[in-house]
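Chain naming follows the written order as A, B, C and D, and within any one chain the residues start at number 1.
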Amino acid sequence: MKNYSFKNDYSEGCHPNILDALVRTNLDQQNGYGYDDYSEEARKLIHQKINNPDADIHFVSGGTQANLLVISSILRPHESVISAETGHIFTNETGAIEATGHKVHGVPTNDGKLKPEHVQAVLDIHTNKPHQVKQKLVYISNSTEVGTIYSRAELQELSAFCKDNGLYLFLDGARLGQALTSEMNDLTLEDIANFTDVFYLGGTKNGALLGEAIVIMNDRLKEEFGFHIKQKGAMLAKGRLLGIQFLELMKNDLYMDLARHSNIQAMKIKAALKQKGSKFLSETFTNQIFPILDQHQIKKLEEHFDFYVWKKIDEDRSAIRLITSWATSDEVVDRFIKEVQSL
Amino acid sequence: MKNYSFKNDYSEGCHPNILDALVRTNLDQQNGYGYDDYSEEARKLIHQKINNPDADIHFVSGGTQANLLVISSILRPHESVISAETGHIFTNETGAIEATGHKVHGVPTNDGKLKPEHVQAVLDIHTNKPHQVKQKLVYISNSTEVGTIYSRAELQELSAFCKDNGLYLFLDGARLGQALTSEMNDLTLEDIANFTDVFYLGGTKNGALLGEAIVIMNDRLKEEFGFHIKQKGAMLAKGRLLGIQFLELMKNDLYMDLARHSNIQAMKIKAALKQKGSKFLSETFTNQIFPILDQHQIKKLEEHFDFYVWKKIDEDRSAIRLITSWATSDEVVDRFIKEVQSL
Amino acid sequence: MKNYSFKNDYSEGCHPNILDALVRTNLDQQNGYGYDDYSEEARKLIHQKINNPDADIHFVSGGTQANLLVISSILRPHESVISAETGHIFTNETGAIEATGHKVHGVPTNDGKLKPEHVQAVLDIHTNKPHQVKQKLVYISNSTEVGTIYSRAELQELSAFCKDNGLYLFLDGARLGQALTSEMNDLTLEDIANFTDVFYLGGTKNGALLGEAIVIMNDRLKEEFGFHIKQKGAMLAKGRLLGIQFLELMKNDLYMDLARHSNIQAMKIKAALKQKGSKFLSETFTNQIFPILDQHQIKKLEEHFDFYVWKKIDEDRSAIRLITSWATSDEVVDRFIKEVQSL
Amino acid sequence: MKNYSFKNDYSEGCHPNILDALVRTNLDQQNGYGYDDYSEEARKLIHQKINNPDADIHFVSGGTQANLLVISSILRPHESVISAETGHIFTNETGAIEATGHKVHGVPTNDGKLKPEHVQAVLDIHTNKPHQVKQKLVYISNSTEVGTIYSRAELQELSAFCKDNGLYLFLDGARLGQALTSEMNDLTLEDIANFTDVFYLGGTKNGALLGEAIVIMNDRLKEEFGFHIKQKGAMLAKGRLLGIQFLELMKNDLYMDLARHSNIQAMKIKAALKQKGSKFLSETFTNQIFPILDQHQIKKLEEHFDFYVWKKIDEDRSAIRLITSWATSDEVVDRFIKEVQSL
């Protein structure tokens, strides 16, 4: 029997509602390229949830694709984007943004979150015009790549700072559901829309087979976006595949329910580890946790579960990364907790 | 009741075997990024069909993506690609290839097919080195964008010409199934592999939800291709979605069966139109036909069927484009033929 | 003794006035990057000549550099440029424009000149949005690469067409002096400025060591151009070198005098050839002529002069290309004419 | 009377020998694009000085141009370059390298010099293939942007490290003369050639009007470099302008003499400041010095001299930057020293 894997939140297929919808709609003929009825309905539901019918919404296949599309469509050739050093675009996309011609400034942070002072520090060392690249865009992720989330106050402050400095704010929401359903969260999806110029809702890491929903709030960024989607190879002929999935996820708050479930499963494991005395690399309240264990404990857990050993702490101890998903069952969590208790 | 649409071959979802497999495998945990078991099995089946276990096989989402990925991974910055003017990369991809930095030379042809003399003509006017771009790649489609196919002799000759001139040959197989199951075809999939440096098998237009299988034959083009997939935003976290589909399509020759079906449906309609005295814009033997009809006939057919009016011929007549697919039923074809007979 | 070369108009150094100025100003300390006094004065003289003090003027090293800079600064990623097939950017710049990400549409013409109908023809086959690239810029050269020139009516008409169709008009003036001093010309430099959004005055082919003066008329294209110059490696630390040269060329109409001289020398040779009965590949009135000679005549002339054999006409005859320059002396022209007369 | 400027080493024109040569050769007809006799002779002299007749040598206009040309010609799309954070390509070229599609990793250093451990640290955090960009090139400057130089041992060690790790080593020699004639230097030009895959000799900052000589040592990097020069707009029609200058600079070691002169002038000023008790931001032995002065002293010096206030040290003191050049006369240095002594 295979070990259960906590390596990531995209090990399984998709939520059954999506499969049902695919089966149900399969032979219905639809327009291609995102002009199908399902995509239209999904857009309407998102419009309702952000309380803004004017946002432009485009469905694409994945996060790197969404990031490079949005950023390259916004920036002129001499403009750059600011990211945390842990930001997906800075370190985990094989130079995808630079491949479209733009510098990414990586900023060291404690917790994966950009604050106005981080951005200001980049601006401060780029005043020698036109010999230095011009900053025009701030990229953040919520939840971040290290599992942390922005508070309402933090996002509001960063948003205001960007406006004051002529910078656009782009939020990577590959795990936005997890952020907004975290027990520590005080942001709504409507807030996310209001505080950013453009953001996306991640489907791949929250129960879809694939797909991210790019939501463009700022009118200036809406113009002719479809050309960019096509040019970057991101326009699916059968756009219905994305529309159907987001339609199902948006119905009855399934999207948030799945994310909340993944958070809860992680928090149960976290509680068990804490009870056992474990420390953590960082305190997170979403579906990623980074407990510090000794080699013996790690070996023991590896007998029945797969996960990444994330960072060596000292000779004896390492932090591991555990990620739960919409599909992580109570039974698996209970088994893992039992193993923890027996360590 | 909606009209039946002959507008394209991607109006429906996917073949039921694929949906069954998605349901069956849904909760099986798998590695991401194309390292899942299904992708591995699908690769093995393709290896068998091309009779070459050394080819590198990568699954990506769509045709434009496959084209820009392959071409940009091969060419150095000063190199260019030669295509028919009807070639998808020349005219229908929003400048996707140029966006990666490379010129596409468009060559006028009668039938959408490149011959050695077409390529030679481009080479002949680019001898002023280094003031002119250097040609390094020849791009063809089979079946072509206008529904025609290459004969074995034609492909062999073009392949030899490319080798003699230090050019790579890349075959866009968005509709390769239709080409290889055309009644006029004398090529095998193994031939395709042997005569090209790289090609792909299209899934989107032949019964998959999405997906193209890039097959790299030339060892020099294999190196580090995965980096390019990731950088261009083409690497799906749940690569299983592509693997499962190609696994189903490759089993028991389903891929060829679906393509053959789409060809047969088109040929039945063609025969009916011929019997009725229709001329055609070009003589095709795949799933695209271009009959020339008068305005009255077109209006009549439009009452029950959707299709594109493709090209004005004279005051009274236009060519229309009819595309059939794996999902075009006998019942629909019969209905259409009845309409034709009553014109 | 070396043969005199009619191969091009950049075989010699520069006009002596420029050398004198370089010597005279050599140890005067100046700001770098185009902020020197000479560049400022040169800009003022150009402002006077185009009768518009608001134009932005930037000096760069060469024509390909000017072309790629201007075009890439204007276009968004999904936009393209239309050029004659003989246009320098289409065929003689090693894919420089495509290397910045943009498609160049090459249009066949009789005489190297774009007319509204040529542009309209490109627009007509690019209506399938967003699947096709969007045309945004029209590129022309005056004089053209084949020695022809635009009349005032032609340029005005093209300019109006571009405005009506939301297209920018960019004029490559590598040989603008020759165009404006041609005996057939009815355009002024002020007209050029008024009819285009951006153009440049070529120095390299008209008596400078190097340098082109980019003149931006359209306010929307002026913004932050300096960043592009720097990013593309086109910003000279000692911008004075360009400023000094254009200052000398603009003083007392030296620029036009040099161009007129080159035209006159070519016309004298043309007259002698006509008298001798020669035909020409095309009728030109600038410093490039394309007489058709037989092999014996060509051999004879090659004994004392260098030039390109441009195009084979038939078994016995070829067109040659003769280019005169600011430095082509009366003595050389007389010698050449004597040779012609003795053929 | 204008203040004398110590702001940079490109405030004046060029060494008189160059002007003499330009005048002397002005009307001699030459081939374009770097195929002139002067460029050929200059190449021969460089071949002699590096003791290697097989190096490929190309002359281009400036440093940013040389950097973007070399780097973009070497790297495949998924490859990146490592630089010190102070490196010109990382911070002072308006994103020129990223504009060609490649990530630049900026590494913090104490003194502007890259050591193997700096490079190793970048490699260590980029092991997740193919999700992270692949490092392929190391970029260093000598002298560095902060005036420091590499010792023979340091360069040898870095060179060996690069070879061991499959990395190319590229040396930006915008101020290579100053490095090699520093009193602390133990490297020869031949060493530079042997320890790098490609480097360039800067002319612009050492007595030329413009120009850098790119020297390609590694055979694999030589192929078809001319195409890249043309494509990036860096090929001068009158390549003679660059050839003549490097010919003059290479004759009789003028290049090294000019650089040594600039160093000596800086060292005289440094000695005077030291005697006066000044501290320095960093200890340099080339033509850039960074003395720390109080506001009163800075004000006083600014009455007669121009320079940049480089970095605030505390409420009262700032480091200033003084740069001397081939053209900084003894008289000016004496005047400055007198001012220093009177502070």
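Just so we're on the same page, a contact is a pair of C-beta atoms (placed from the backbone, for glycine too) under 8 Å apart; a residue touches a chain by one contact, two chains touch by 3 or more.
This one's a predicted model, so the numbers in the text were calculated from it and none came from an experiment.
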Q) Among the chains, which has its CA centre at the largest distance from chain D's? A) B
Q: Select, from A-C and A-B, the pair of chains that is joined by more C-beta pairs in contact.
A: A-B
Q. Per the centroid of Cα atoms for each chain, what is the distance between chain B and chain C, given in Å?
A. 43
Q. Between chain A and chain B, what is the gap in Å from one C-alpha centre to the other?
A. 34
Q. Counting in whole Å, what is the centre-to-centre distance of chain A and chain C, each centre being its mean C-alpha position?
A. 51
Q.
I need the residues of chain A touching at least two other chains; which ones are they?
A. 77-78, 93-95, 99-101, 130-131, 133-134, 227, 230-231, 235
Q) Mind pulling up the chain C residues that touch chain B in the complex? A) 77-78, 80, 91-95, 98-104, 125, 128, 130-134
Q. Taking the complex as given, what residues does chain C use to touch chain A?
A. 72-73, 76-78, 100-101, 129-131, 133-134, 224, 226-231, 235
Q | Contacting residues of chain A [partner chain B, same complex] | A | 2, 4-5, 8, 10-14, 16, 19, 22-23, 25-32, 61-69, 93-96, 99, 204-205, 209-210, 227, 230-238, 240-241, 327
